[in-house]
Amino acid sequence: MRDDLLVLARDLRVKFTTGVNAVNGVDFDLRQREVLCILGESGSGKSVTLRALMRLNPPTKTIMSGTLELGGRDVVQASENEMSDLRGPFVSMIFQEPMTALDPVFTIGRQITETILRHENISRRKARRRALELLELVQIPSAKRRLDAYPHELSGGLRQRAMIAIALSCRPKLLLADEPTTALDASVQIQILLLLREIQQELGMGMIFVTHDLGVAGEVADRIAVMYAGRFIEEGPVADLMRQPLHPYAKGLLGATVHEGSRGKRLTTIPGAPPDLRDLPGGCAFAPRCTEAEGACLAHLPELRTPVPDRAARCIHVDDRPAAFGERLAS
Amino acid sequence: MKNPILTLCGLGRRDEYFKGRATNRRSKKSILVSAVILGAGLLASAPLHAQTLRVGMTTSDVPTTGGIPDNGSEGGRFAGYPIFDALVNWDFTKTDQISDLTPGLATEWHIDPNDHKRWIFTLREGVRFHDGTAFKADDVIWNFDRHLNEAAPHFDKAQARSYRTYTSMVEKYEKIDDTHVALYTRVPFSMLPYLISRVFMVSPTQYAKIGNWQDFQKAPAGTGPFKVEKVTPRTSIELVRNDDYWDKTRVPKLKRLVLMPIPDANTRLAALRSGQVDWVEYPAPDSIPGLKASGFQIVTKPYPHVWAWHANNSDASPISDRRVRLALNYGLDRKSLVEMLGGTAIPARGPWPDSYKYFGRPSENYTYNPDKARALLKEAGYGPGGKTLKLKVQVPTAGSGNMVPLPMAEFVQQSYKELGIETEYTVVDWGTMLNTMRQRPDRPGAPHLDVVNHGLPISDPTQFFLNFHGSSAPPNGSNWSLYKNPKVDALLDKAFESFEPKERDELIAQAHALVVDDAPWVFVVHDLNPRALSPKVKGFKQAQSWYQDFTQVTVDE
Amino acid sequence: MLLYTLRRILYAVPIALAVSLVCFMLVHIAPGDPIDAILPPDASAETVALVRKDYGLDKPLPVQFGLWLAHVVQGDFGRSIANRRLVADELVSAASKTFILATTAASLGFVIGCILGGLAGAFRGTLIDRAAVSFAVGGVSVPHYWLGMVLVIIFSVTLGWLPSMSAGPGDWAWDWLHIRHLILPAITLSVIPAGLVTRTVRGVVVEILSQDFMTTLRGKGLRRLMLTVHVMKNAAPTALAVMGLQLGYLMGGSILVETVFAWPGTGMMLNQAIFQRDIPVLQGTTLVLAMIFVALNLLVDLIQTALDPRMRRT
Amino acid sequence: MTEIATVSSGLVAPRRILKPRRASYWRAVGRRLLRDRVTMVCLGILAVMALAMIFAPLLGLYDPLQGSMIRRLKPVGTPGHILGTDELGRDMLTRLIYGGRLSWFVGITPVAIAFVVGGALGITAGYAGGRINMAIMRITDVFYAFPSVLLAVAISGALGPGIGNAIIAMTMVFIPMMIRISESVTTSTRNLDYVEAARSTGASALTVVRVHVLPNVLGSIFVYATTLVSVSMILASGLSFIGLGVKPPEPEWGLMLNTLRTAIYTQPLLATLPGLGIFVTSLCFNMASDGLRAAMDVRA
């Protein structure tokens, strides 16, 4: 196994005790410095997948299976203590709502230092100095004063920066971001994205980024995975996927989204509703909404097909041969 | 002394205060727990001496301790005679008959043969107040000034009024010499000694030292067998033995007497059962079988008390018809009521129990006779074919002498229901009821009432007078019934002017017999004054009186 | 914060005034002339007139209220009609006894409630949760005066471990001799706050645990102990508020328990005053208890504000 | 019907849809209730008690006021007197059922009056806002400044013992509570978009309240009122217990508890029965109102 492999997921499944099958077999790898963007509708399982990577889904209500390794450590079998050692120094997460993701009754500084003190054997003073550096790193103005501020005293953008600072506080190798810009104003969104991208490159982290905004994905991702009903239905390099989606669902999404520059505008939606995750159909989960669906779609779950190296899609209409794909492009 | 280690192991003799707490020590665990509790208790508590009697009273607060005890007779029982003496005391030694008077701070008294309004009292010599000063004739005058002389600097404005019943007959008083005083009554009145038996003598010196009656209560000085050590309002009065008590036969055997007000019957019961007190007044009748079974002593004695329906004898009420009142007296199953009361009462046939010398020879004998009752009612026009007799009755919730008024009232109600009589109760607190009884039932604007249900002392002939003499209608006396029989009035007047004991007693007995036959009230039961005592309380001989003697009591270790 | 404190205190002033007006009016909603409660009915007309003047009852109501208030502010609640003692003296000793009982019961209830509620919230849906919730519902449903009787039978009469009544001999002291008297009434009285605090804390903890920031905290790798600290600090304002209010309720609501245990506090005093129609005592006790409640409310508000940074800016 | 859906970039992400609670909503609540076994058991117990009390005269019970000295204080399980007899020999089962009538009556009436009066005042305050709100709420604050037991005891103490006075006193305690809750619910409903919309179309205040506000707030107010029933029952029995409520010989649980107290050492089970009655009723009311609240707490 190569040592720059941060995440290895094979047939990862997450089921909730309520009967919801949130993640139904996800396979992917992530290497250092690589940015993967998981794209999907609400309820497609992208957030659950992300949380599963840190095993943050409610422990008593979640059943995880398959293979999941972070830096070679088995996440599915690890004890809670081993997991909590991993969280922070190896992997950390930025959440969607900076308003609710920060503890309202603790200062920003305290929330950063407690993380550092948890994982590193350094003095409180040193931890505080590091916290200050981190706030400066995420470009919070008058950082020193903000250290003693409570979350509600900061604006949304600053709060998200503070959130990022907390996530970075133990210099993780892998940063997970769960729609980190959705709750922010458009002008702030782009600043945060640029900041994230910049810091990710500066620190050489791997990053998994969840969003339902294609524009955002195009901004930051190296690769994109499109998720539907708990599965990756298409995966590939960002430029290729955006230019030429393979899966009908991905096509729909792209059709429903204009490329960069028109973010936030109301667009055509894909008719129909996502499937009930409690009772998934046997075949392709998208088939009921798919204009290209045929009988075979419902018979079996389509295999992941690889028409060109580095790209894959779960649709029977996609050729599993690079050549055929090329031919179609030509015609 | 006790070995603390033994005590800690739960094996040695325990401090008196903790006695009875850990009676059930069979399991090792509870021994351990109680040992811990005891250990901690011993470390922290001030040692309480042996020979302490702790009494649970029924009063809601400690009675006032300044020599004018409130809370009725129970106040006199606990904050009166144990701490103070009057010129005339009550005799507790003859327990086989209803108590009478005995010399107190006066060794002898008599009416002036030339002036039937002038009483001469010879004072006891060598008596000292608790503060060490000697008791003198001047002190008697000073004490009467406290009650009656509004011009005196120490006139007790706040409390004197409540003792008017006892003092109002006294017109003036004077010192004759150092050992004699004279009291003048407004009219010739042979019963004066009964009245002034509640006028307690307190030390003027102690009052001068303290300066006001309010604070005097915290450290009063009387001449009684016990001295006040500490008064904690609403919690306790702590008394200690007066070793110098003038009556050497009545120097207390107890070292301490602790009096606690516990108005709630069940709380009192729990306190006795858990060993927090050694003695409770008026245990609820339903608790008596259980107490007996657990080895507690239940003492009962008749005394001049009656629990009765005071009937409105004025014209407004159907009960003014004597036949109706007789029917009510014959139609009551008193035996069953006594049974319900666990034997803490005896059936009443008149205001006084028939064992009393004043009972007389009435012609009516109120046994349970429902047929006679029905016949009497029919005669009066009630019952099947006639009107329905409906009575409005006021009942107190509690109060000294009222026993357990509500269940008893319910019993009476049921009993009469069988005769076709409808009774409607208005339940009020005792104070309200006393207020009702201080006003005429026939005054304009008074709410209609046929009966007031009240248990009360008729300790002596003066009280009989206040309840049954025609001139005693409110506000002059307690004759709420407005009962008026000229014969009774004449007999009583004559008796009160008679200074010949034999003749006097006979006149009173005749008056009593007439009252029984007239039945102005429904005589229900006489209370037997029950009290429950822990098995270790010894030597108590219950007197047939509202007051009791605590000096002969001992408490076993 | 300072401004808020000032405003809050200022707002308490009219409330306190209105509360004292209600206490004052208690006498006047009672049927009949208040003088009847003070004097025996056979009192002469002059006496009635005299006493009426003494008590200021001959003046119009607003003036009477003003006079009464002026006295009360100076700590003069008049004298008890029943025993002629100064109401203020009585109140000091009774209120301190009730305060001892109420604070002990409230603290006990608070500790039990926090532990049970915290456990129930943390282990939501488990057997622990169900047991704690059952306890809480039982606690608020049980007639506590009845529970008191049952406890006395078990612990005083049958086992003989603890006294069944009173606050111990003489004046109160924090020694075992007195504390043993406190145990049963305090337990009895603590059942309601324990139930309420359990419910509240459970609700708050469930709420906090479902908050996004708990995921953040877990995502930072914090251990259980640190998580607990976060939960506690978040739950504290609510829990303390409930506790503070409960203390106030217990101060005013201990009348039944005090009656059962003959605890010489304000509850027993009130009970006696009612049945003796002792108006000065009734008025004074009600007023003092209500004022304590107003003050506690104020204090709770301020503490809550101080504890919760989100509320400080208001 | 107004639907407010937040639209975010790209995909439609409906957040929370707020709409007036309609029949379908109540059906859903009903279904949830039926599924909640604990609540159903509690409601069942309460229903059985209520039926027994309503039809008490038809049950062939004894006379609740007629006793007999020969059979007084018989233990639980005596033939003919399945729950024994009280201190006057009256059948305990009969007394408990008839006593329940009064206990329930004194417990529920104040809450019911407070529900109507307090609810009306609270909704008025909440909907009208401004000075009316100010006036109503400040007066409420004053009564809120009293601990509830103290207020009830003081008022009924001043008025004197009796059922009527106890009910008045307790109503005075519960009205401010009902006002507060209904005011806050109404205020928050009033600011909901669809109510604002209805108001802006010029519908009369009464119509808006009736059509848009009431259906939304009544449920919450009602649930709150049900939680008060348990408090009220305990308080009512407590007043009777210290002699301020129901007067003898009427059977009432608090009063029965008080009069049977002294028999607790001889007939412990018998003496605890009335307390148990209060306990079970108040427990069931509490659990049922919890269940009702849970069932109504459907996040749309």
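A few points about this structure:
Each chain gets a letter, A, B, C and D, in the order it is written, and its residues are counted from 1.
As a convention for this text, contacts are C-beta pairs under 8 Å (C-beta built on N, C-alpha and C of every residue); 3 or more make two chains touch, one makes a residue touch a chain.
Values in this document were obtained by computation on a predicted structure and should not be read as measured data.
Comparing chain C-alpha centroids with the centroid of the full set of protein C-alpha atoms picks out C as the closest. When the C-beta contacts at B-C and at B-D are tallied, the pair with the greater total is B-C. Centre-to-centre separation of subunit B and subunit C, using mean CA positions: 38 Å. In terms of their C-alpha centroids, the spacing between subunit B and subunit D amounts to 46 Å. Averaging Cα coordinates per chain places subunit A and subunit C 53 Å apart. Centroids of subunit A and subunit B (each the mean of its C-alpha atoms) stand 89 Å apart. Those residues of subunit D in touch with two or more other chains are numbered 160, 243, 261, 264-265. Among all residues of subunit C, those that touch two or more other chains are 149, 153, 157, 259, 271, 275.
Subunit C contributes residues 36, 40-42, 79, 82-86, 90, 93-94, 149, 152-153, 156-167, 169-171, 175-177, 180, 259-262, 264, 268-269, 271-272, 275-277 to its touches with subunit B in the complex.
If you check the complex, the residues on subunit B that touch subunit C are 20-24, 30, 33-34, 37, 40-41, 43-46, 48, 60-61, 64, 70, 158-159, 161, 214, 230, 232-236, 238, 258, 260-264, 266-267, 270-271, 273-276, 397, 429-432, 435, 438-439, 474-475.
Against subunit A, in their complex, subunit C makes its touches with residues 125, 211-213, 215-223, 226, 230, 233-234, 307-310, 313. Across the complex, subunit B is touched by residues 65-67, 69-70, 72-73, 87-88, 160-161, 243, 247-249, 259, 261-266 of subunit D.
Considering their complex, residues 138, 141-143, 145-151, 153-155, 157-160, 230-231, 234, 237-238, 241-244, 254, 257, 261, 264-265, 268, 272, 275, 278-279, 282-283, 285-287, 290 of subunit D touch subunit C.
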